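Okay, got some structures for you below.
Note that chain A is present in both complexes that follow, paired respectively with chain B and with chain C.
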Partner chain A sequence: MTKVVVTGLGAVVPHGDDIDNVYERVIRGENECGRITRFDPTGYACQIGSEVRYSVEAPSQVGPYSVHNHALKFTAGAADRALRYAGLEAATGDAMDRRSIVLSTGVGPANIDFLGPIALRVHGLDSDPYKSDLEAFYGQAPEQAEAQGLDEFHLDTAAPLCAVQLGAAHVYNTASACASGSHAVADAAAMIARGESDVVLAGGVCTPVTRVLVPGFAMLQALSTRNDDPAHASRPFDSGRDGFVMGEGAAMLVLESEDHAKARGATILAEVAGWGYSCDSYRLTDPHPEGVGMALCMTRAMECAGVGPEAIDHVNAHGTSTPYNDAAETLAIKKALGERAYKVPVSSNKSMFGHLIHAAGSLEGCLAVKTILGGVIPPTINYETPDPDCDLDYVPNDGREAQVDTVLKNSFGFGGMNVSVVYRRYTG
Partner chain B sequence: MSASTANKTERVVITGVGVASPFGLGVGPLFDGMVAGETRVEALGSPRGALAPGYGAVVSLSARDIRGLPNSRDMRPGTMTRYTFLSTLALGDAMQDGDCPFDDGDGALRRGLYVASYTNSDRFDKYVRFAHHVIDEDATGNSFINDSQVPEAIRKFSGFEFLKLMNNMPAAHGGIQGRCQGPCNTYLGTPSGGAQAIGRALSTIQDGLADTMYAGGVGSSVHDQMMMVRATRGLASSSDATPEAAGRPFDTAASGIVPGEGGAMLVLERESTARARGARVRAELAGYGEWFLPPSDRDGVSPSPMGTVQSVRRALAMAGVEAADIDMVAAHGESRSDLDALEASALAEVLGPRAAEVPVVALAAHVGSVEAAVGPMGAAVALQAMETGVVPGALNRENPLPDYKGPTSAAPVETAVRTALVTLTTREGVSAALVLRTLD
Partner chain C sequence: MTAASPRVVVTGVGFASALGVGRDAVRTGLEQGSTCLLDLEERLARVPPGAGAVLDLPRKEFRNYFDTRVLRLSTMTRQTTLGCIAAGDLLVDAGCPPNGTEYADKGAYLGSFIVPPDFAKQVKAVRILAHRPDGEDTGYVLDDARLDEAMKMASAFDFLRALPNMPSAHLSIQAGYQGPACTYLGSDSSGMQAMGMAVGAIQSGLATAMIAGGAFFPFQEVHLAWQESRGLWADAGPVAQRVRPYAADRTGTLPGEGAALFYFEEREAALARGATILAEVVGFGQRFVTPGGDDDLSVRVDTLRAALPDAAPDWIAPLGLGHPELDALEAQAYQRAFGDSLGQSGLVTLVPQIGYCGPAAGPLNLVAALLAAAGEASPKRTEVLADENCSALARAMGQAGKSGPGSVVLGSSFSLDGVHAALALRVGG
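Moving on, here comes the complex of A and B:
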């Protein structure tokens, strides 16, 4: 099987747009969860988010695609940085056939601002909005700016946009909820391993910090409501955890076949040694209580990599900070790693930047690679009170120096979709 | 993937087909309606009739229709969007057609599901009402979103609704319905997504990650948001057209996209798995190819037909067949002249002189634009043609585009179909192709 290697990393995330610096900040345990600023969340059940609070440098136009909203800026910015990291230019001609995109783009900005003025034209302010006349509404054609807002519900140009940046002839746009970012990496690795592509740009983008989705997911009781202390809201594996923090951003990895990377003299950062998929086939809302599907994908990823539990030096956990997930993941790690589970440092990067949903797995994948290179395992911050159901070594609060050659990265999605990826030190 | 289980040489076969279309449940009603030259495009009622073009093809199946399908006890129609509902119907129909097991044993570990959908959002009306509730005016009469109104307005949604609307829900429901503990994923975006899902499922079986994959797509463009987007961007068909004549693939009088909806799924299996359980093998999924050639501008189309040509050549190469072997084409034919001209040019290039004789079916004339379901539904029609020796005619193609060189008769054609080509050419620039072949 063709060896799959990582040659580029790129991110536009709450901690910054330079992935090396993001890693440095993360291993110092710096938090980016705070009170939401994209809108005034006063009165919301959840008022906490992890936002990109700096001006993002990204091209305003990529081929035929206008980079007109922050989701597309994150996408174009992260892709641009990943390609520069890898030292890749856009391919042309026949070379495009050997390049692919796998991008996860589940949630667009879902910006409802543009709907309000149309509703206002039709009904004014006084009519009961829940008896509004949809036929009259539909009879009003949106004006130009409003029409653009319609597109913002979807991110159907994000993956093609990346394809133009990479010069790729193959584009896949996928979604498996919170597992999506790792799903994209796994699919990309499989495409290279089977000889279908030489270079794949893989990752995800997500912009869920909106005035619709934050209160919506709070109604699902999925989000933390520790509004008076947002810096300590994301606390995976801690007994006081009460939900996750919505995060936004984009993160991507450049994967290549070893031969292709060597031939062009690229710096090889790490190897994607294995990947495993599973579906709980259980419930839409909850993970399997015994972590069956989660354990299955970890086992499959290790089998794919040709390693056993003894080879795993670190687990980069899904670790959302929800009561159900963290307990089920702990159980699943024990099932998959056996006694080794108690000796392996397990940490959740989400403790510092919340849950970037479709971009979570790829951002945490970037950090797994950096952990192999940097020799410091990121901590799980806000870990104060142990939970009897979560009894592993979660690298509490401080980064830890360690020789890490192999990282098992977990990503688990709503609906029971699970993916694990094994990243390994590249030794030639 | 483990090298010991990967087997790229063993055939992947199709052992079941499921369809939910405006003609009803199953590929039979759809195929029979197409052979009879019927269309299900008709005027829409209120309120969607107020959206251009005012007509479309709607699936009239209800939650009751799920009840007779395999493993229906685990399915909860009340927890589904329109997209998930249509996907569930198609998967259930495919499982029934393929007499597929849905046990929790070792078989479940080796089953997976890929489904494609442009979106999973079907409650635009709720967003409209939400926006109306939170809109306010300042002292100068300028409108703004009043955030203080949001906590009250959001209560008009249920929490579960946000889970329902997640894009991966068709696959999540399908994973439960089909008892799939292998790879499950949702492909988003263009109408080629359904064919891409099938193509990736083929790879997944060949790579040894699964023995059985359910794969297909779902779409609903009779959706308020989709209709509004398309009307605003000038992509919808003309309101002046009569509904039954509106879907005109490859015809000079085509005026744009006709709203439609449906779902279609295939059961793909490693041949040895299918034989071991005594499954009825309908055909081989012999080839897959895709290619991206970006459009010249946001609402334009690719500058040349080479994207589709490349996708077809790759699918033929994988199948090891020549263009001369193709007996029929199930084309995209979206009923939009610029896009159809590209696809027609590609078919003319690939088929050469045979373009004049190879029948080309296009769903849009019968069921409108079914988005990501169009490839899988085209494959389902092709499989039916293989079994019956009849290919539906070219409905509403009286005045073909100059680039279109194929047959134009609306009458069905009796012919042996051993090799069928499915092609997708999309506004987004992603083309895809499948090759299906009968087994000797």
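Moving on, here comes the complex of A and C:
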């Protein structure tokens, strides 16, 4: 099987847009969760988010695609940084056929905002609300506002935009909820391993800090409501955890076949040694209480990598900070790694930047690679009170120097969709 | 497909559209050539294009296809429901109906499209949020302070069922599959893409069997308006004849809802369980090009040739939307890819009968073409007065291809977004 390597990392995330610096901040345990500023959250059940609070440098236009909202800025920015990290130029001609995009996008930032133009026209026409709405809408529609609004809802141009940046002839959009970012990485690695592509830009983008999605996920009882103490809201594996914090951003990895990377003299950062998928086939919102599906995908990823539990030096956990996930993941790690589970440092990066949903797996994948290179395992911050159901070594509160050659990265999503990826030190 | 990869076969098909559910519905529809396109009523009558094709299946009959105690309808969009109906049909067709067993080595990939939630509910919410600032004659703002009131329009289920991955999650739960699961999105070709990725998953050893295809529900006001803005809808002629693929006077297409799924299986596993093999996968092609450029045609040709590099198809299943430009590009691509050998091919497109079903359109057409190639159905031949660009495919609509074991079927989906996919099957195996 063709060996798959990582040659580029790029991110536009709450901790910054330079992935090396993001890693430095993360291993210091710096928090980026705070009160939401994208809108006024007063009165909301959850008022906490992890936002990109700086001006993002990104092209305003990529080929025919306008980079007109913050989701597309994150996308174009992260792709640009990953490609520069890898030293790749956009391919042209036949070379494009050996390049692909696998991106997890989910729903764009528009949501209720995109209905604004409609609302402006319908407001006041309330003799027959429904009829008035449609007459106002279709009397003038479809106009650009609606068309653009729905494009933003779909976010369908994000992956094609990346295809222009990379010079790629193949585009896929994955959706496996919170596992999507790692799903994109796993699909990308599988495409290279099967010989279908030489270079794949893989990752995700997510902009869920919106008027609709924040209260929506709160309705699903998935979010922390620790509104008076946002910095400590995301507390994976701690007994006081009460839900996750929505995060936004984009993160991508450049994956290549080893031969292709070597032939162009690229710096190889790490190897994507294995990947595993599973589905709980249990419930839409809750993970299997015994972690069956989670354990299955970890085991599959290790089998794919040709390693056993003894080879795993660190688990980069999904670790959402929800009561269900963290207990089930702990159980699953013990099932998959056996006694080794108690010796392996397990940490959740989400303690510092919340849950980037579709981009979570790819951002944490970037940090897994950086952990192999940097030799410091990021901590799980806000870990104060142990939970008897979560009894592993979660690298509490302080980063830890360690020789890390192999990282098992977990990503689990609503619908019971699970993906694990094994990142390994590249040794030639 | 590398020589070392496991051979992948099709051992079942699932079908749900305005024609009905299952192989009989396809056979009857193909042979009669009848259209299900109708003028729509009530809300949707006011929305362009005001016509389309819907599956008239009483809700109480859903339980014929899936266990409504396990898969709660309140957690499903119509798109997901259609996928589950097709999956129920598929699993019976493949000889492996759900029986409570969990299968670690099987998975589900589905292509679909993010259609915004209920329009009326959204507008009500916006009307609560939006207000004109005091003292102003024009302009409106969204008032966050009113959000709590607006959110009363929604329930937790509204958010759960709208999650993009839900269609494939439901299929996995329905079938008891613990293998890979994913919903592929982003274009009208995502159903065909899901099928290609499923084949790849089996070839990679990630699963021994995958259910894969597409599901789609277009009847949401903003979605229809968006497609109108993209110039998709036909506007000329009586509804029943409004979709005229490859005809010189074609003006566009009409929307339809549906789902089609294939049961892909490692050949050895299928033989081991004594399954009936309908076809073997010959190849898959997928290409992207930014739409509107000089490569629009050549990339479509490359897509077809990637799926079927060394042979000519006996049956083809292009989209056949009836769209002026897209039909011309499609016909020229097939002509350039296969030249005169297309003269022997039969063509199947269900779009004039069931409307354009987005990501499900390619899989729906491919199911029908496969049944024709297998000799299970004889599509009613259609004479079309075509323009020069479309003559090759118009001719194919009027003839039957070779059917029976060994016949080759090629299905394709060329999307407005520039994502193109094609899958080739050989009958038998």
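A few remarks follow.
Heads up, the rule we're going with is that the second predicted complex is superposed on the first by the 400 of 428 C-alpha atoms of A that agree within 3 Å, B and C clash if a C-alpha of one lies under 4 Å from a C-alpha of the other, contacts with A are read in each partner's own complex, and residues count from 1 in each chain.
The rule is simple: a residue touches a chain if its C-beta (ideal position, glycine included) is under 8 Å from a C-beta of that chain, and two chains touch if they have at least 3 such contacts.
All figures in this text were calculated on a predicted structure; none of them were measured in a lab.
Overlay on chain A: chain B and chain C clash in the combined arrangement.
When both complexes are overlaid on chain A, the residue A:Ala95 reaches neither chain B nor chain C.
With both structures placed on the common chain, the touch criterion links A:Ser66 to chain B but leaves chain C unconnected. Within the superposed three-chain model, A:Pro215 lies in touch with chain B and with chain C [touch as defined at top]. By the touch criterion defined above, A:Ala402 reaches neither chain B nor chain C.
When the two complexes are overlaid on their common chain A, residue A:Ile268 makes contact with neither chain B nor chain C. When the shared chain is aligned, chain B and chain C each come close enough to touch A:Asp156. Shared contact residues of chain A with chain B and chain C: 39-44, 63-65, 97, 105-107, 112-113, 115-116, 118-120, 123, 129-130, 133-135, 137-138, 141-142, 147, 150-151, 153-154, 156, 159-160, 163-164, 168-177, 180, 183, 187, 190-191, 193-194, 196, 211, 213, 215-217, 219-221, 277-285, 293, 296, 413-417.
Residue ranges of chain A in contact with chain B, taken from their complex: 1, 39-45, 63-66, 97, 105-107, 112-113, 115-120, 123, 125, 129-130, 132-139, 141-142, 147, 150-151, 153-154, 156-157, 159-160, 163-164, 168-177, 180, 183, 187, 190-191, 193-194, 196, 211-213, 215-217, 219-221, 275, 277-285, 293, 296, 303-304, 413-417.
By the touch criterion given at the top, residues 1-3, 8, 46-51, 79, 104, 108-109, 112-113, 118-119, 121, 125, 127-137, 143, 145, 147-148, 150-151, 153-154, 156-163, 166-169, 171-173, 175-176, 178-190, 193, 196, 200, 203, 206-207, 209, 224-225, 227-229, 231-233, 290-298, 300, 310, 428-430 of chain B touch chain A in their complex.
The touching residues of chain C, when paired with chain A in their complex, are 2, 5, 43, 46-48, 75, 102, 104, 107-108, 113-114, 116, 120, 122-127, 129-132, 139-140, 142, 144-145, 147-148, 150-151, 154-156, 158-160, 162-166, 168-170, 172-173, 175-187, 190, 193, 197, 200-201, 203-204, 206, 221-223, 225-226, 228-230, 286-292, 299, 302, 417-419. Those residues of chain A that touch chain C in the complex are listed here as 39-44, 63-65, 97, 101, 105-107, 112-113, 115-116, 118-120, 122-124, 126, 129-131, 133-135, 137-138, 141-144, 146-147, 149-151, 153-154, 156, 159-160, 163-164, 168-177, 180, 183, 187, 190-191, 193-196, 211, 213, 215-217, 219-221, 277-285, 292-293, 296, 300, 413-417.
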